[in-house]
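Once you scroll down, you'll see the structures, which are given as structure tokens.
You will see two complexes here that share chain A, one where it goes with chain B and one where it goes with chain C.
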Partner chain A sequence: MQKKTKLQSNGSVLVVGGGLGGIRAALDLAEARKDVILVDKAPCIGGLMTQLDRTFPTNNCDLCTVAPFTAKDSRGGHLDMRGLTTVTAVKGKEGNFTVSLMTAPRFVNVEKCTACGECQRKYPECVSFAPGLDPRAPTCMRYPKATPYAYVIDMAKCADKEGLKQCCPVGAIETDALPKVEEAQCGSIILAAGAALFDPSHLDYFGYAAQPDVVTSLEYERILSASGPTGGKLLRPSNGQPPKKVAWIQCVGSRGLQKGAGAYCSSACCMFALKEAMVTRERFDSEIETTIFYMDMRAFGKDYEKYLNRAKEQYGVRLVHSRPHDVLRPVGMDKLQILYTVDEAPKHITEEFDMVVLSTGFKMNEDVKKLAEDLAVELYADGFPKTDCFNAVATSVPGVYVCGTLQGGKDIPETMTQASAASCLAGAKVAVTPRPKAELPAVTPECAGSPRVGVLVTLCDHESTALDTTALVEYAKSIPHVVCAAAFEAACDPSSFDAVKAAILANGVNRVVVAGSSPRYELEKYQAMLAPVGINKYLIEVANIREQAAWVHAGEPAAANAKAKQLVAMAVAGVMAAKPLADHVVPANKNALVVGGGVTGMTAALELAGQGAKVCLVEKTAELGGVARNLVKTIEGGDVQALIADLVEKTTSHPNIKVFTATEIVDHSGQVGLFRTGLSVNGAYKEIEHGATILATGATPNQPQAFLLGENSRVCTQLDLQKVVNEQPKEVKKWKNVVMIQCVGSRDADNPNCSRLCCQSSIKNALAILKENPNARIFVLYRDLRTYGRFEEYYQKARELGVIFVRYSVDNPPKVEAAGHYANVTFTDVIMGRQVVVSADCVGLSTGFVASRKSNEALAKVFGLPLTDDGYFAEMHVKLRPVDMDKAGFFVAGCAHSPKVIAENLTQARAAASRAMTVLANDTLVQEAKFAHVDRARCAACLVCVRACPFDVPQITVDDKGLGRSYIDPVKCHGCGTCAAECPAKAIQLNQFEDVQILSSLDQLLAKVNA
Partner chain B sequence: MEQFEPVIVAFCCHYCAYTAADTAGSQRLSYPVGVKIVRVPCTGKVDAKHLLTAFEKGADGVLVAGCLVGDCHFKDGNVKAARRVEFTKKYLEEIGIEAERLEMVRMSAGMGREFAETATAITEKIRALGPSPVKGKNCCCGKAA
Partner chain C sequence: MKSIYEYYAKWIREGKLKVSSDWNKERKVKFTIQDPCQIVRKTFGDPIADDLRYVIGKVVGEENIIEMTPNKSNNYCCGGGGGFLQSGFTEARRAYGKVKFDQIMETGADYCITGCHNCHAQVHDIGHHFGGHYSTVHIWTLICLSLGVLGPNERAYLGDDLKDVNVFHPESEH
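After this line comes the complex of A and B, so read on.
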């Protein structure tokens, strides 16, 4: 009875899973002009992230910065998105898979459904919904404005089909709908279907099943969420009262601690708990006591250590190093008791809390496991797929790639990076699909017409608790020339843009004000979304009511509301004065520049070259290979020297790659698609042209002056230690005692962040030493052991083999003294409560990495790029755009972004290549109309502009009347506006920022002062 | 008496100070509500005419916020802006407006805390100076919108 059709989409990529990773992978491919089919078994896209209240480290949601781009008309028709769809069978192999897709009926006609909620009111049991806690509240869509915006019926639960059908006022319920079965051809497959979360119901000692006030971290997130069961109020499930004390228990279902737990670390839960504790105090009540019981605080990501410090210092989150063994509620008490011990005092402590949050880790999703098995992908015993030690997104089956939490527990930035890397590899196997080039909309005087302004207020409820959006909309309607104004709360939802477009057409709107977050996020998005309904992109103005009102004045709602109104009035004034402008299309350069010839740079260059781009690979030193040349093996046993040799051979022999060693970057100009960069090749100047740039300049192994490093021959870094173990095994066999000290020169005042890779590298070296010399006694002195992910299993192995791990506190660091032939290390063993002195044959210091500050600063200056406080390159969005940079056409990968292990560097290299291909796939590029223009009638050829321009663009040219006048070449102009500001005759105006626009906004800003 | 709430126009460069103000927002760092931001592509675009118009229309203070020295996206727009601000200050003195009401500050995109602190410090300074003399005695000076 099933309908069976065949999709005509040879040479496409199938992406399974419509969470953030799947969306990113699909968008990368579509932007690189490759066909993608994106399927998700849920009725709407967004995955796990849509159930989170906020995400770290920005503490906001930001889904709307990605999701809208999945809209049908936004990616040139390359993206085919299907909800409620599962893969039922796969045949064939790389390059030629045949997949069977089954789309379950939602029993609701999406075209007709208005999401009025009538079906849910009359037949609540039939309407599907499944997030944490009370599934019925407050709407039955997975998140407030799900994509597509319509209900889903669970027909199995329906006893009265006819009644259900009749209750819908628009006749959208189709009780007889059938599943649809299709077959599709695809060249490669990306599995991005996420992971499940550990269910702690069987762990009776945590009381999760019995106690309503014991919740999982995701359930707690739902309680915090404005779209959650309590409408965004933090209340105890047991009695509906606000809690005064909340505790988090870490590592539930991770690190092999409980029955059914994975042996791995889930990697994201520490940050997750910190975020929930901070949000609890910030948003609800700063009097609520928040305590996190943890084993190791694993804040290993970029700038995460600073987040941890903020949680402790700014928010007063209490951290207790302990594994509680019981959560109880004695009869007659309404509070929970946590029973635990601490290192310093060997006694039981009982402490009362109102709520306990279990930080549950990730585990393999059974459905996904089955699909992986069908594909014959090799899996670990815990169900997660095995991946190559130098390629974390490639499975054992060629053509099948994985990313995100499906590959192993991780946070969002790592998911986004892996997603782009997977799309790089999957996309390499399928051809670019030519599409007729969309014409740029013509700019006619009519597009400006007589001004009819539409105002869209796009803040979500939870972002705008201080703002009254209804009042703001009413106010906007009262502004002259505003013909329509509406609150638009589903900015994360591509399909909801249809309603916006309809309103714009219905009201004949020709200018739009978006009142939402910063124009840095909103402008490009709305320019793209509103172009199809004929809104000129320069007739859109953004009122930044989130960053400049809702967030900074959250404590003074009256002032915040007044300011928001004023910002909207200013934006309306600005857009009224704006002129429609035309972009122009110029041929794009399809070559790439990769800066840095380490393993990251070489990998990025090879991926780009493999997809047909011509690449210039520039290396500062005389040799390729970078810091990895000092490494022998990865912890998994991967041969780093063989990797380098292979990469060097492929890079130097690839016809599309030109390698320049002993070369520095000296100057740079142009814009995305049309860059020019000057190189100094062995001292000789050479200029190259390129369309995109990848920075892979690495970082510098730290050499801090600490613990006699450089003074005592027994003291060395982990890098040196690894060399000794590899090259002098006879020496290692003589060692009796080895001491390793972690966090040397990291997590301190000079270098506040964690270097991420040192914990695993000390364990790697410890295991290598024990292999040569099983009798060696090895001590690892650490602050928090950050063996995230599968590194945890090596930590466990090291403990089993007798490596002694001793925690030290930052106030009481170990001491190293020369003692004749040995180095004496003195430290305090907290558990024994006494000092220990070890005469060490070798002291290995985990010195980590620091940013190559000097060279990064020089490069940042030449390219005009931002750095972080620590001197690493800053990405565009720490959460959702981890390899893109603020300057269009620039991407960052590897240790230049932040320290990480080789496999992660290579993943980022592939991700950067994937992002760069979204630029390089285009034959032409659209040049924005941001240039200055001269009113030649007013120009007196005084030469002020010629002298003022930082780029020597203005020239005095002679017109047909023989008069010399200034001329500014639109293609060369950078759009800074200095000439316009200096011109004494005001003959020069800068597009988008004309004096009349600025002065109109100023008028509005100051209107009420004079009223 | 109600406290005088100065109105301050902050011309912010898109690449640094405007982003710093966004950072202040995302870190929920508060600053006085009278500080209103006008986004410009570079402080080099800020005309003496814009500064004077702001005072003419009743601003109590004006801030020009650009990139750190050497970090200008357009080489030296911030240096040219500083020169223009100095010139405008002299002019303000000549027409009887305290030069301190106009100030140039520099910061990078990540300096959200500095933005909030600067905005607060300048508001306090202007509060101490009192309402702009341009507003005259009979208008509703002292009350922000």
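After this line comes the complex of A and C, so read on.
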């Protein structure tokens, strides 16, 4: 306990960097009621993602699902956000850092600036943001939906200060502002400042510096973007004409290929190139030919293989396995030429393209490197921080954590996971700050007054090009009882909400329809935003015109617009019939349930327990440790058995953790903050109460019927192979030939996804075999070698040591046959163009993982959770909420989410713990008014509801008149609506979804039919 | 790490290396340039290729340079690198070098200047093998020629047309 008080002495966490990772880390901490200072050197937050056009795999933007929550009034005052701010010095150590912060003057008073753009118009050299394609000028708004929503001036570039000052209609320009220097105390630091992108200017053979039509991926994103230099039109920079053929060249600045390139794989580029190619064909012109020149297609993330297949099969993106050596534009020619060769034919191919996109990777940002050096964080030679092999977010300096691309190249979901993991560890070092809870808004009589409906159309123009926003607003105005309707463009920008609030107050609006995207993301945001102007949260209806109109009818604008109007009219009818309702507050349970006692589950339990939560850890088998018990070492040399022993010891001895082995989950009820789960502990029933649940149930090592596995003693899986190398070194010393076959039982019809960890595990085993027996000849037969991130360096090492890597195609797989003492492996070497037979002493199959489908389905049923097609648990949002689940209070971590290596599982465990702490930090719980209620006068006590309820909530109680009637406890009710649908007397109504609301919507929809 | 081309160019600009192209004013012997992959494409990029051209221009006269297409960082590999010259597989190496040979022949130049010993050996060999009319010469040889310090025994790779130009101490031949 003493240790805890000491560490929790200083109240804040400093988060450096306001990109997506920094925002996530800061929000997790603020939601867990820890004070956070979020600084970014840029004038507004958002980072790299705000510059992207869209993100994979959904091919939409979605910044609006995260950024609004950084609004200053939305996080209970825990979040202190500072733009234009850099860390100039750091003193002290874990638990007690003193940081010096310097805030550069913005020269614009953010409180006064209305972002009218007058300064930008008066000073025409002022431009909005577009990296590499437009210079930065004195007044600069980085992207159209910037937070804070105000301009910033680079005074050094301004010649006419007085004129600039005078041009502002609200006097917001302050030409004589000075930098502000402050000191802050903090217990821990999270570095989330992102990475720089590789600059290919010096690679003359790609022509980037000389040819306008050769662009980097980020520049291509800007060209695609509606807020980019061409206003969302795909045009060639050289001549302003639309391109007919676009090519991507992969691994520019990654995998050690060019001068100045990192040796690592940047991990994200294969996927963003696929996305850019798909978006090019989907959004601009399906006639545009898209070709990606690649080395290995690294689609290793959850469901990414399916995305790759979709790109190839559905979108016709052409993939060429080649490293082009030249991009040329011969004198007098309008087009670019790419010169390359392919595996199959040793000849020189010249192909013409209109544009060439260089898929540039990540590299360490020099400013960030300097800060890391000031903090004495150990760095690799390439500048990225060294992190622990079992803790990817912990640096060599206690109390200093990293996440996102600053830690190494990665995509958004992994950035979000690391951000939450970093906030878990950083947050453990600072105390929870109690704040007075705001009172719930009262349900006033005006709420129910004569309906005055406001319609807000919140579409992003670049997401819904098919819809005519202006026409939709005009149409909304014509609907009876609609008193105001307006388009509201910056749904991702919290500051722009003020204009909306003002409009609502001015028009006396008491009911609101939001025409935007899914209510799953929109409703909560608008409920929080409109509560201060007195709109009852149950008098807001969302019309999902993005998914249901713009997207599904993307190619048919007329149909999309007609449907959008109908959806809005239905929502208006529904909201008119809605009733204002009051939530109520109940005490919350602050315990956690962790399902699964592998390394992931134990890590999650320990992180939660360390932050004071009481944890029940439930394991199905008799022993803790899970699949990791079969592993010896990680590729970096981390001792897995020592890790397990340490985790088991800590878990079983922690006073806050109760371990139940040989235990299954049998039933479950309740809601976030108030769950009840029934356990069968060695066959005996036990019920526990908890506020949050983490699923860490792992996955199953695959054992496919292939390549004589299980039939021939020479054939084994990589897991078995690792054991043999570890336990029988004498045997290994005798081996002459070893063959490894990749993608066995993965990336096929039965198991379409990539198992992610097999490429590195075969290289790990190859290196281990060579250590015992340097003379062994090792062949790795692969389809795409997916050694992402730093695993690439081990791949290169294996090649240097003479491991022979041979590519096979899925139509021509290798053959394995028993041949006396050996197993003969026959394969085609593409480069030699002939068949090779190897008499192998050992054939190691990279069999990967499959979902534990049966047990996952059983758990999913008990908990009411969705699974993916291949049986893994589905997260809420593949991009931005990678560990949250659809059901509030549930989180997923480890291989239960998708296969991954131990370090990644542990990162996810910490992320899930961090997300769970945002729930468990609450002493009380707002119980939504969405529950079923019984009209006792109509009830005949027929017991239909009692039998129908999946949660056994309705009971027949006796009232004061002695009559037995159904009673539904609002606290226990899940609001599923089953009883309301079943009740023969229509005595049961579900709040927020009463018959009258639904029927009003339907009447509106069918008005013409009925008439 | 720096390339000697950069120093040649620097010393010529500074007047330390007093080269002259006067010897070629009347003769108008044409030269093309092989950009070595290691120095240009892989390491220093176009700026070093420009230095090389500056030096060659001063030594043989700019008007006497005929460029290959493509060139500089996009120049084709000669086909002799990576140990190919020593590894056997002579047929394959020459087949690979045919691309380079055709490229040189297309310029119609009398000489191909190479700046790297490896390229020199390969360019010379493919010229001989495929019956080309050009000679292969190292940049160093031409700098010395233009300075008037190239001795009679240092002209093995010069064609007959240049054997007698600016010979330094002709008496040292024997």
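Odds and ends about this structure:
Going forward, the second predicted complex is superposed on the first by the 950 of 1011 C-alpha atoms of A that agree within 3 Å, B and C clash if a C-alpha of one lies under 4 Å from a C-alpha of the other, contacts with A are read in each partner's own complex, and residues count from 1 in each chain.
One rule holds in what follows: a residue touches a chain if its C-beta (ideal position, glycine included) is under 8 Å from a C-beta of that chain, and two chains touch if they have at least 3 such contacts.
Quick caveat: nothing in here was measured; it's all calculated off a predicted structure.
In the superposition on chain A, contact of A:Asp334 is made with neither chain B nor chain C. When the two structures are aligned on the shared chain, A:Asp750 is found in touch with neither chain B nor chain C. Using the contact criterion defined above for the overlaid structures, shared-chain residue A:Cys976 touches chain B, although it does not reach chain C.
In the superposed model, A:Asp667 makes contact with neither chain B nor chain C.
When chain B and chain C are set side by side, the one touching more residues of chain A is B. Of the two partner chains, neither chain B nor chain C is touched by A:Glu649. Once the two complexes are laid over each other on the shared chain, residue contacts for A:Asp1003 go to chain B alone; chain C is not touched.
The contact sets of chain A with chain B and with chain C never meet. On the side of chain A, the complex with chain B involves touching residues 58-60, 282, 518-520, 544, 546-548, 551-556, 559-560, 562-563, 566-567, 570, 861, 864, 866, 868-869, 874, 886, 930, 948, 950-951, 974-978, 980-982, 986, 990, 992-993, 995, 998-999, 1001-1003, 1005-1011. Touching chain A in their complex are the following residues of chain C: 41-43, 45-46, 69-70, 72-74, 99. Residues 202-205, 207, 259, 326, 328, 330, 339, 348 of chain A are the ones touching chain C in the complex.
Against chain A, the residues of chain B that register as touching in their complex are 7, 9, 14-15, 18-19, 21-22, 24-26, 28-31, 33, 36-42, 44-50, 53-54, 57-59, 70-71, 73-77, 80-81, 84, 108-110, 116, 135, 139-141, 144-145.
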